[in-house]
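Pasting in a structure now, in structure tokens, and then I'll have a few things to ask.
Labels run A, B, C and D following the written order; every chain starts at residue 1.
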Amino acid sequence: MSGNTFGRVFRLTTYGESHGPGLGGVIDGCPAGIELDESVLQAELDKRKPGQGLASTTRKESDQAVIISGVFEGKTTGTPIAFYVANQDQRSRDYTSVQDIYRPGHGDLTYDAKYGFRDYRGGGRSSGRETLSRVAGGAVAQEFLRSKGVEVRAYTVELGSLAADISDPAGAQDRPFFAPDPAIIPAWEERVKEVKSQGNSIGGIVQVEALGVPAGLGEPVFDKLDAVLAHALMSVGAVKAVEIGAGFDAARSLGSENNDAIIAGGEGKDFVFGSNHAGGILAGISSGQAIVARAAVKPIPSIAHEQQTVNRAGESTLLKMGGRHDVSAIPRIVPVLKAMMLLALADAWLLQERQSLV
Amino acid sequence: MSGNTFGRVFRLTTYGESHGPGLGGVIDGCPAGIELDESVLQAELDKRKPGQGLASTTRKESDQAVIISGVFEGKTTGTPIAFYVANQDQRSRDYTSVQDIYRPGHGDLTYDAKYGFRDYRGGGRSSGRETLSRVAGGAVAQEFLRSKGVEVRAYTVELGSLAADISDPAGAQDRPFFAPDPAIIPAWEERVKEVKSQGNSIGGIVQVEALGVPAGLGEPVFDKLDAVLAHALMSVGAVKAVEIGAGFDAARSLGSENNDAIIAGGEGKDFVFGSNHAGGILAGISSGQAIVARAAVKPIPSIAHEQQTVNRAGESTLLKMGGRHDVSAIPRIVPVLKAMMLLALADAWLLQERQSLV
Amino acid sequence: MSGNTFGRVFRLTTYGESHGPGLGGVIDGCPAGIELDESVLQAELDKRKPGQGLASTTRKESDQAVIISGVFEGKTTGTPIAFYVANQDQRSRDYTSVQDIYRPGHGDLTYDAKYGFRDYRGGGRSSGRETLSRVAGGAVAQEFLRSKGVEVRAYTVELGSLAADISDPAGAQDRPFFAPDPAIIPAWEERVKEVKSQGNSIGGIVQVEALGVPAGLGEPVFDKLDAVLAHALMSVGAVKAVEIGAGFDAARSLGSENNDAIIAGGEGKDFVFGSNHAGGILAGISSGQAIVARAAVKPIPSIAHEQQTVNRAGESTLLKMGGRHDVSAIPRIVPVLKAMMLLALADAWLLQERQSLV
Amino acid sequence: MSGNTFGRVFRLTTYGESHGPGLGGVIDGCPAGIELDESVLQAELDKRKPGQGLASTTRKESDQAVIISGVFEGKTTGTPIAFYVANQDQRSRDYTSVQDIYRPGHGDLTYDAKYGFRDYRGGGRSSGRETLSRVAGGAVAQEFLRSKGVEVRAYTVELGSLAADISDPAGAQDRPFFAPDPAIIPAWEERVKEVKSQGNSIGGIVQVEALGVPAGLGEPVFDKLDAVLAHALMSVGAVKAVEIGAGFDAARSLGSENNDAIIAGGEGKDFVFGSNHAGGILAGISSGQAIVARAAVKPIPSIAHEQQTVNRAGESTLLKMGGRHDVSAIPRIVPVLKAMMLLALADAWLLQERQSLV
């Protein structure tokens, strides 16, 4: 019972390695009748391409999504939606020099420990290319959620310890780094150049928000909406922490500061909230406010510094990685984290439907 | 498909409300042959009792666990282990005054939104008493994991913004507040008294660690060990953030700082690590280092301040809660978070067993 | 990942052994707002009592169901519904003589093989008393389904090779043996007396039907409604075969005979069917016709004949069972099979209510 | 939560329609280290080709399986195994005439009822081509089980009411109709010719057996091995009944006849059985005997007779199907049923390898 499926009603199962023929996924449980074609998947995949900001490499990747099943005459049919993205460049590089060395910060040694051996070509299944299937799957979830009035957006709030102003993130989707404030972009570009010149890497923080989520989503007690979101976001490689709403700040607040007041009235609504420290979730169930989560992204472990490590035989060795590595998982991880919230919410929506006769 | 079951192989299903006859759980998938009796559950439940530190109320609670099935002649049989804890005090208090008011920071309004109505007596299913079943279930997981050489411990690292020294947490289990350093206890007591006198509440941070976990646990790509731990810890009410290893600090480090060097040798081991920023997990799989996670706990929302809120009819009202409320979920949440890591690891262990023929 | 949970959305988890403190179950996923009290469970449990026909023993059993959680002010709340039935008679009989002997036709040797040892008191978990929890769970499913206009009924179509006329089964619920035709009762009574006097046992065939099921339930391709029903019915001890609709007769028919013609009109309906060889299921999805299934029940293996067997040491031994054993699992198995169809249909209903936007 | 995944640890998820680009599947949870290449899948797929006996059409199909992921240097890696089979012939036939007509015995009306509309080209997802993915998945399960000493075989025991002698089925895999006795083949050929000339169709009965299964597989109480096998076999389109061991005959036997005696000794074994009415399963757990199941296969509903039916508008119409239809699902269904037992047993094996410390 491996872990390549996400969701319980809206379920995405993914497969594929970085240097095999391709990657893909199967979505089971998507309602019938949703308009869908390959351009929907492609639009999201294109956001994950290298070159969306200087932090990523300039390697050419052109990932073309194909839909194999589950769509007929432009609409989902209720049967499994399978999609596929062929790997463009599978030429047999020589991996002999690294196949027995455990790269620090990578999964080389843990994959070996788990399975007894591993596909050492470019990380195999543990490669970041795996996230391609998440983004394609998330694109389908997005179509479903949009039909319900829900919109999810994600943007970078911090890169290399430089924080952006997030007071007006609306245009972030179209900016380099998915920056919520255009003013931060030059500083981030500078930081990236500097780190790159040092052969080093940096991390950052990404915020993901869902607008238009009605009250009632989330399944107490173990599958609270925040628990499932934490699971979803933390499942993305490089993420080391997840906050909901005020997160760690809540741990340092008084109750009187952290509680969100509930205010009667508000145009046509029964109530509004005085603040959103809860991140839109109370007792594990959505409250009708915006869902707000943040993910801490570690620096990419592949650096051009000499690092101490061992080989499979347990012998000491020094490793210095060459090649054109990304300086940061940001910005390419941003659409991936967005996709995970989309998948989590689509599933929560379908779980909630019809749980009450009242 | 509600969310009252945790785990895939070692599965805990819980039930019960704060003011019904009692609470309990069923563990399905616990291996046969583990020594178990009620004292094992009781020992963990007693750590969750009020009065383990001044932050908790002085209410008397004496929760006695009974095992109903799955144990024969002192050993688990492989069939479901059911346990039960009767509620001591079910006398019919008058809840009329609060049944229609949505307490800020509580799940009153979200439960109503989800199910159409709710059990308003003391929070019903959303009450903290629900965690009793987690602790009892975790106690069984602990017996299984101890038979494999794994030990989990949890302690408070911060309370009301006052951080403890965590360099030697070994004795924390037996101290007030589960304090990792006895020197912090007076300061925490002082802080609790002060906040209590103000009718307010505070949060804090809890660290949970597992020692003796072998490399290989965790199921890529969606059920990475860190993702499942985040899910487990965030599913506990009041938790608003989860970090693994360096957590948010990783997001602000350089790759050269954050990577854990792998060092050959080390008595009888193939290698050791130069640091543990990864928190014992690489690419979602345990690396053989200690598993380290932290949870941010929000202040308890029940405070003796006047708060603005609404009733079910959407009318504005002011609420001031009386009664003897805890000042903080800490320390009582500490054994609950420990239980969640125990449950997550027992499940990960059984998932991993026999996935490789090599 | 043991097998003590049935269903995916409407989920029943059961526990308990024949000679422990009691048996029970937890239903997770039952919608909120359904009227429910203990009398609903009791009414079904009473149908499973001994003495519903001469085939059962005259032992006194009075199984009283208690609801522990999930119901508030007479309605389900959407949280887990836990119920419990205490074992009346747990006095410590002497099982020394049989604890090491493998009874032919029982699970003694397979439980030992699976778990390494077993609870040998009266079968432990493999005892027929386990079905009590299915019946109680089915009673809750029945309330949900009745609110949707679905009615399930079950009756005996054959006992000891004597077949009943099933042309008018409406009154079967209230007759001995759940007989669909009162005229068969004397013959069945005679057959039971005869077999009992010989210290032997007999099997039979039970039919279970659901009326009022709309078209659309069932999840292709692996969880077709017929597949799930076969799973549900075959999971009851003693069942050795399951047919849907024409069953084995279909295998011996021509296509022209077996196809059910679809006939336009029919009072207010788009169509009716000329026959129901399909048993109400086409391509794994309910068609709107009555769902019809049959289960073959083997004779009870506990007989007063001398039987050749072995003990745990592998030594040959002869076993002759005394005690007051039932002559047949019929009629007590009839409400159990009904309960399994109720559980399967409640789950199928909630699975379907999530699948189409059209 | 649709039903396109089978299994809990060894999980097969399938997708694809008869007239889309292709069909495929993803196996998650297959242990690492099993030798596997495409020829393994192809060998089983070839047994499912038309022309394996006169009952099938003479259409040319050449289904070539491609492995996309999960295999590296000839061995499974523990990551998802994805396979794909392109549809050869997707030319756009004109389906206008049948797209609004509900074919009797087919899923046309139930798919419409469930999803609101359907892919009407050749049955879409409800087409028998779907079973291709089962056979490919079963081929992988077979490699795993063979590494454990388990062998599964399937053969036709009855076709068009003509029963074969099954006393020596060893050579059936290589004979027309998967006939267990070559002597029956001429009679079956004659029957098929006759029925074909009448534009009609016939059903039959298939037996599936597993040899070398150790005692201990199967998960009481709801996921007994017989329950899971019934689910697996009944999930194949056209199957209307499943028997385990003596099946319906058990319902008509006395306990003294149906019990399988347990006999001490037997070369190096603790015991052997005097018969196998139980079909190798006691109390839902394998006993060490051969697992024996039978499936009743209905006649193919596509016949060249005029049949009464309705269209989507509910209007009466007569339908007479042309085209080269198979006369029977037998023999092509035989490798499909074998695959389902393989999948069920591989899963049961991995579920069991986690349950006892003894």
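Keep in mind that, in the parts below, contacts are C-beta pairs under 8 Å (C-beta built on N, C-alpha and C of every residue); 3 or more make two chains touch, one makes a residue touch a chain.
The structure presented is a predicted model; accordingly, all values stated were derived computationally and were not measured.
Participant: By the contact definition above, name the pair with the higher C-beta contact count: A-D or B-D.
Facilitator: Higher C-beta contact count between the two pairs: A-D.
Participant: Which chain has its C-alpha centroid farthest away from the centroid of chain D?
Facilitator: B
Participant: Indicate the whole-number Å distance between the mean C-alpha point of chain A and the mean C-alpha point of chain B.
Facilitator: Chain A and chain B have C-alpha centres separated by 26 Å.
Participant: Distance-wise, how many Å sit between the C-alpha centres of chain A and chain D, to the nearest whole number?
Facilitator: 39
Participant: Just how far, in Å, is the C-alpha centre of chain D from the one of chain B?
Facilitator: 46
Participant: Which residue numbers or ranges of chain A touch two or more of the other chains?
Facilitator: Chain A, residues with two or more chain partners: 1-5, 8-9, 14, 29, 32-33, 78-79, 114-117, 125, 220, 350, 355-358.
Participant: State the interface residues of chain B toward chain C in the complex, per the touch definition above.
Facilitator: Residues of chain B touching chain C: 1-5, 8-9, 11, 13-17, 20-24, 26, 28-29, 32-33, 66, 68-70, 72, 75, 77-82, 84, 114-119, 124-125, 350.
Participant: For a test of understanding, state which residues of chain C touch chain D in their complex under the given definition.
Facilitator: 1-6, 8-9, 14, 102, 104-107, 109-111, 113-117, 125-126, 130, 158, 160-161, 195, 200-205, 214-224, 226-235, 237, 239-248, 250-265, 270-271, 274, 277-279, 281-288, 296-303, 305, 307-310, 314-316, 351-352, 354-358
Participant: Which residues of chain C touch chain A in the complex?
Facilitator: 1, 29, 31-34, 78-79, 147, 220, 350, 353-358
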